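Two complexes follow with chain A in common, the first pairing it with chain B and the second with chain C.
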Partner chain A sequence: MAATAVNLPSAEAGAEDVNLLSATVVAGLKNLGTIISPALTKTLIANSMKLTLHPDATIAPVPEIYASNAACAKQSEYGVVTLYAVATKHGWDGLALRQQLENLSIHSMAVDELTRVFEDNRKDLILRQLQLGHNFPHITDVQWRIVSDVKSSTSDSSTGVANFYINLGHFRQSSGERITVVEFVCNAEELQSLINRLKEIERHCAQMAVA
Partner chain B sequence: MSSLGLSQQQRNHLALLQRPASDVVELCKSAFDYLINGPNLNRYEALAIKYTDTGDPEPVQHAVEALISLLISVTTRVSSSSVNLQTVLRQTFPDLDDEVLDVLEQFVTSKRNFVEGSIKSANIRAYRLVNLDWRLEVRTASRSLLDQCNVTVTMKLYLHTEPKNENRELLEVDATGRSEEELAAMHEDERRHRKDMLVQTDVSSLLYMIKTLEDALAESKTRRIRNIVDGIH
Partner chain C sequence: MDEVDKIIMHQLNQVDPGIDPTEELSEFTPEQVVRAVSGCLSEIRPELELPRSLPGGAMAQRFGVASSLAEGCKECGYRGDIGYQTFLYPNAVELRRLLMYLIEQLPRERLEKEEGTGKQQSLSHRELLQRRIRKELTTQLKTPWVPQFARSVGNRKSMGCSSLCIEFRPHVNLSVPSADPEKRTKEEQQYFDQLAPNLFQQTASSSVDLIASVLHKNELDRWGRELQDSDLLFVDSEEPTPILNPSKSHPEKSSSDVEDVDPTQELSNQVQELQIQCETLLAERKSHAAALSALKLRESKAAEEINRIQPLLKAHERASLVLADPEENIAKLEALLKSTQAKRQTLTQQWQEYRKPLLENLETLKSAKEAQHVQGIRSNIEQLEKELQEKTQLHNELNAALRNSSQSLAPRKEYTRRIHEFIGNIRKQRADIFKVLDDTRQLQKQLNVVGAQLQRQFNYTDDLLFQSAKHDLHAKRAYKLLAQLHSNCSELVECVSLTGNVTKQIRELEVQIDAEKLKNVLTSLQQITGDIQKFEQHIQELQAQIQAVEQANRGS
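Presenting the complex of A and B:
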C-alpha cells in the first residue's frame, strides 16, 4: 500500500516531516463524497462527531451508511474521529484543517462539511480533550451535614458538640451522576481552619492572576 | 448502687482512697501514667511500701485500674457540669472526705476529653481531616492537547481516624523508648488509620467550596442548631 501520510508544514508542527495521519485514516477520508454518497457523508460526519463528544449518547441507527459498503463506512468513521482528535491536539483552526484536507486531495464537498462541523464544535472538542489523560480526582462539588451524637454503644451521654460531615465529589459528565471522592468529619474549629486554608489558596490564585 | 455503675469489686479496690489527699494525688498520677504508658509495677511496689504493711503491689495496681474504670464511668454517664459531678462523686463515695473528693473531681475532669476521644474512637471511626497541603499548577500541555493553559489547584488531604488531636499527639510522644516490635505495631496501626488523598480542583470550584463550607459553619452557629445540640446534651 502506498504511503499517503500527511506531512505538516514545519511552521505548524514545530518539527519537520511529522506524519500525523496514517494511510488508513487518509483512505477513510478519501471515501467521503466518493464511495460514500454526499448525503450519507454528512450523516456519517455528524454521527462521528456526536460519538466523539458524547460516547454514551444513543445515536439513531442509519442502516443505509453500512448497506452498500460497510467496511469503507467504518474506515471513514475511524478517519473522521482521528482527524478531529489530531486537529484538536495540534490546535488547528478551520483554515489549517481545510489546508491539510486539500493537500490530501479529499473530495471538496467532504472538505467543506468536515471543516464546517469542526469549526462548529471546536470548543467542545478542546474541552473534551482537556479531560483526557491522567488527572487526580477533580473536585467540583461539596456537600455537608451537621451531626451531633445523642447516645452510642460506647457512651451514654452526648458530647454536646456538633460535627460536620464534609463530602467532596464531582459529577460524571455524561450522566450527571455524582461521584464521591472523599468524605471526612471535622468540628467547627477544624472546619474554620479548612476554610482559612482554602481562602489562602484563593488569595494566591488572585495574586498570580494580577502578576 | 451508685449512678456511676461501679461494681462492688471495683468499689473494694478503691478502698485505698481512704487516705490523705496527697496519697490520693499520687494514685491519680499513677492512673494518668497508666493511660499513657500502661502498668508500671515498680511504681506500684514503691507506693505499696508506703501505703500497706505487706508491701504487696497488687492492691495499688487494682486501685489504679479501678480509678481508670471510674474515669470511664464518669465520662460516659455523667454530664460535664461540675455541680452534677460533685453530687455524683459524693453519692458514690460517702465515706471520703471533701479534700479527697476534690482531688477525684479534678482527676476525672482533667482527662475527660482524652477518655471521651478514646471512647469515640472505639466506636464507629470516621476519617478526620488533620492537614492539607496545596500546590497551584498550570498545565501547559498534555498528550491529547499540546497547547493549553489550564490552572489547577492540587491538594493533598491528610485523613486520620483518630478522633482527637490530643490522642494522636500522645501516640506520637509515646513512640519514644519503645521496643522494635511495639514500634512496628504502632506504625502498622498508624498505616491502617491513615489515608492521604490527592485531589485537584479549579479556581471557580474552589470559590464554590469556600462559599458552601462557610454556609455550613454559619448554619452551625444559628440559635436553632445550638438549641438542638444543647437540648440533647
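Presenting the complex of A and C:
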C-alpha cells in the first residue's frame, strides 16, 4: 500500500523485523508505563484504539492524557496507532506482537496492555484495514429513465424511438452524497444483452458455489 | 423387524459411538432416544443448536428438551406424528419410523469425508483458496440484500470487505514529536506541549485517513533519511507548499518603486536582454560542444594509431640490433636453440617418468570401480529378490483376507436374497389381489344382470296378475302374495348388504385394535399418571412454599 517499493539495503536486511517500526514509534512506545503513568497508559491505548476503529464517530475527548507532558502523549498516541497498523498489515497475532515489543524492551505492563487490547480488537482492525486502499468504485445504485427525442438538429419531428438512459453510481460513505460512476444510453436490445450478461454472472457464481 | 433394528443400531453407532447398542428398539430408554435423535440431527444440520442429552431431574426441563428435538425433526422435513411424547414415552413403532427417516437423511459424503481426511492435508494452497472462495460465494448467495448504508451495522459487518472502500490517502505532513527529545529546540518543545494538534485532530479531515497517514509516516521515517528529497514524489497534498519566490522578489520590487522609472518597461527590457544573452550563450555552448566532440574523435583515432604502430616499432628495433653484428649473433642464437632443445628433452623425460605411475594408478582405480559397480548391482539384485518375496507373502496374506472378507460379506447377500424374496411375495400378493378384485367385479356384474332380469320378470308378472285379478278372486290373492313376497325378498337383500357392511366395520376395528395393542398404551398411561402425580406433588410443594412465604410476610 504505502511506498514499500524501495529496496532494502543489505546491511539492514537482517534486522528487518525490528526495523518495521521507525525510531519515533519506538520512542513513543517506550514512553508508555514510564513517562506516562500506568493508569494513563491504559486510557491512552483504549482511546487510540477507539479513534482508530471509529474515525467517523464522535468520541468524547480525554483531556487528562495531555494534562502533563503532552508532547510525549502525542508521540505515544502516534506510536500505538502505528504499531497496531503495522501489526495488522503484517498479520501478527498476539504472540508475535508481544515478541516484537519485548525485543524493543518496552515496559512490561505496557506490553501486557498493548497485547491484550490488540487481541481483543484484532478482527475489527483487520476489517478496518481491509477497507483501505485504491479500488474501482463499487456500484450500489442504479437510476434510469426512458428518453425519446422530440426534435433534433437534423430532423424537425420526433423519430419516436425510445432509449434507456442509465446512470450507475454509489453513495459516499461519509456524507451520503451520490456519485455517478458511469452514464450511458442504450436501446432495449442492448439493455437486454446487458441484463443477460449480468444474469450469466449470477448463474456462474451459483454454479461455482454448488460445485 | 429385528434386522431393521440391527441396521438402525449399526448406523447409530457410527453417528455416535456413545450410544449403547441394545437388541431391539423397544428397549430404548428416553435418554438413549434423545441422544440418538440429537446425534442424527446434528449430523444432518450442523448449524442447529440442540441439547445432546436428557436432563435427569425436573419434568419441565425434560419436556423442553423433548419439544425442541421434536421441532428440529419437523424442520428436517419429518412428516410423521411427532411431539414431546415420542421422546419421553417412546414406543417401538414410531421410534423405528423416525430413526429410519433420520438415517436416510444423513449426509452421504460423511463417510467419504472421513476417508478423505488424510488427503485433505496435502491440498495445495490454490485448492484451499478455491474452496474458501466457494464457501464465501455460497454464504453470500444466501444472504439477503442490504442497502448500502445499513452494511456497516449488525452482523453484516462481519462479512469483511463490503462496498465501503476508503481511499488510501495519507496526510503527507503529520507533525509528531521526533524520537530524540534533545534535538528539539525550546520553541518546538513548547509548541508540541501546548499548541500542536494531536494525531487524531490532524487526520480528522475526511480527505485523509488515519491508518494510511501513520503507515506513510512510519515508512517515511524509516527510509526518508536514505532518500534524497528529490526522489520523493508527493502527488496529493492538501495544502500546496507556498511558493517561495514572491518573498525573494519583494525587496527588488520595492527598490524599483523608489526609482521613478516605469518598472514594467525596465523589467521587460531586462528580460529581453537576458533572453538574448541566454540565446547567445546557448549558441556558443553548442559550437563548443561540437568542437569538443570533434577533438575527442581525433584523440581516439590518434590513440588507436599509436597502439597499432608500437609493436611494429619494437620488432624493427630488435631486427636492427641483431643485424648490427650478424655472425656473433647467429652463433648465440644457435647455442640458444641447442640449449632449448636439450631442456625440452629433459622435460619430456621427466614428464614420462611422472606420467607412468599415474597411468598405472588410473588403471587400478578403474578396475576397482568396475568391481564395486558389479558388487552394487549384486546387492541390488539381492534386495529386489527379498522385496519380491515380501510382496508375494503380502499378496498371499491379502488373498486370504479377501477370501475371509468375501465370507463375511455373506449376510449382505443373504439380505439381498431375502429382499428379492419379499419383493417376489409382494408381487404374488398383488396379483392375487387383482384376481380377487376381478372376481368381485364379475360377481357384481352377474348380480346386476340377475337383478335386472328379476325386476323385469317381476314387472311382467305383476302386470299379468293385475290384469287377471280384475276378473279372478284367486288371481287377486296371488297378486297380494306376490307383492308380499317381493317386499320380503327386498328386505332380505337389504339385510344381507347390511350384514356385509357390519362385517367390514368389524374387520377395520380389529385392525385398529391390533395397532393400538402394539403401542402398549397401558405402560405409557402408567408413566403419564406417574408424571402427573409428580407434577401434583411439585405443585403442592410450591403452594406450601408460597403459603410459608405469605405467612412470613404477614408476620413481618
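Quick note on the criterion: the second predicted complex is superposed on the first by the 124 of 211 C-alpha atoms of A that agree within 3 Å, B and C clash if a C-alpha of one lies under 4 Å from a C-alpha of the other, contacts with A are read in each partner's own complex, and residues count from 1 in each chain.
The criterion applied here is as follows: a contact is a pair of C-beta atoms (placed from the backbone, for glycine too) under 8 Å apart; a residue touches a chain by one contact, two chains touch by 3 or more.
Predicted model only: the values in this text are computed from it and were never measured.
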Which superposed partner A:26 touches (first chain B, second chain C, both, neither): second
Which of chain B and chain C A:161 touches, first, second, both or neither: first
Partner chain(s) touched by A:144 [first = chain B, second = chain C, both, neither]: first
Chain B versus chain C as contact partner of A:130, first or second or both or neither: both
Touched partner set for A:55, first chain B, second chain C, both or neither: second
Partner chain in contact with A:153 - chain B first, chain C second, else both or neither: first
First (chain B), second (chain C), both or neither touched by A:85: both
Partner chain(s) touched by A:41 [first = chain B, second = chain C, both, neither]: neither
First, second, both or neither for A:185, with chain B first and chain C second: first
Chain A residues contacted in one complex by chain B, in the other by chain C: 85, 89, 129-130, 132-133, 135, 137-138, 140-141, 205, 208
Residue numbers on chain B that touch chain A, as the complex places them: 75-80, 116, 119-120, 122-123, 126-129, 132, 134, 136, 142-148, 150-151, 153-155, 157, 159, 197-203, 205-210, 212-214, 216-217, 219-221, 225, 228-230, 232-233
Residues on chain A engaged by chain C in the complex (per definition of touch): 1-4, 6, 9, 19-28, 51-52, 55, 66, 69-75, 77-78, 81-82, 85-86, 89, 123, 127-135, 137-138, 140-141, 170-171, 173-176, 205-206, 208-211
Chain C to chain A touching residues, read off their complex: 133-134, 137-138, 141, 148-149, 152, 157-158, 160-161, 163-168, 170, 174, 176-181, 189, 192-194, 196, 198-200, 203, 206, 209-212, 214-223, 226-227
Partner chain B, residues of chain A touching it in the complex: 85, 88-91, 126, 129-130, 132-133, 135-142, 144, 146, 148, 150, 152-162, 164-166, 168, 181-186, 188, 190-192, 194-195, 197-199, 201-202, 204-205, 208
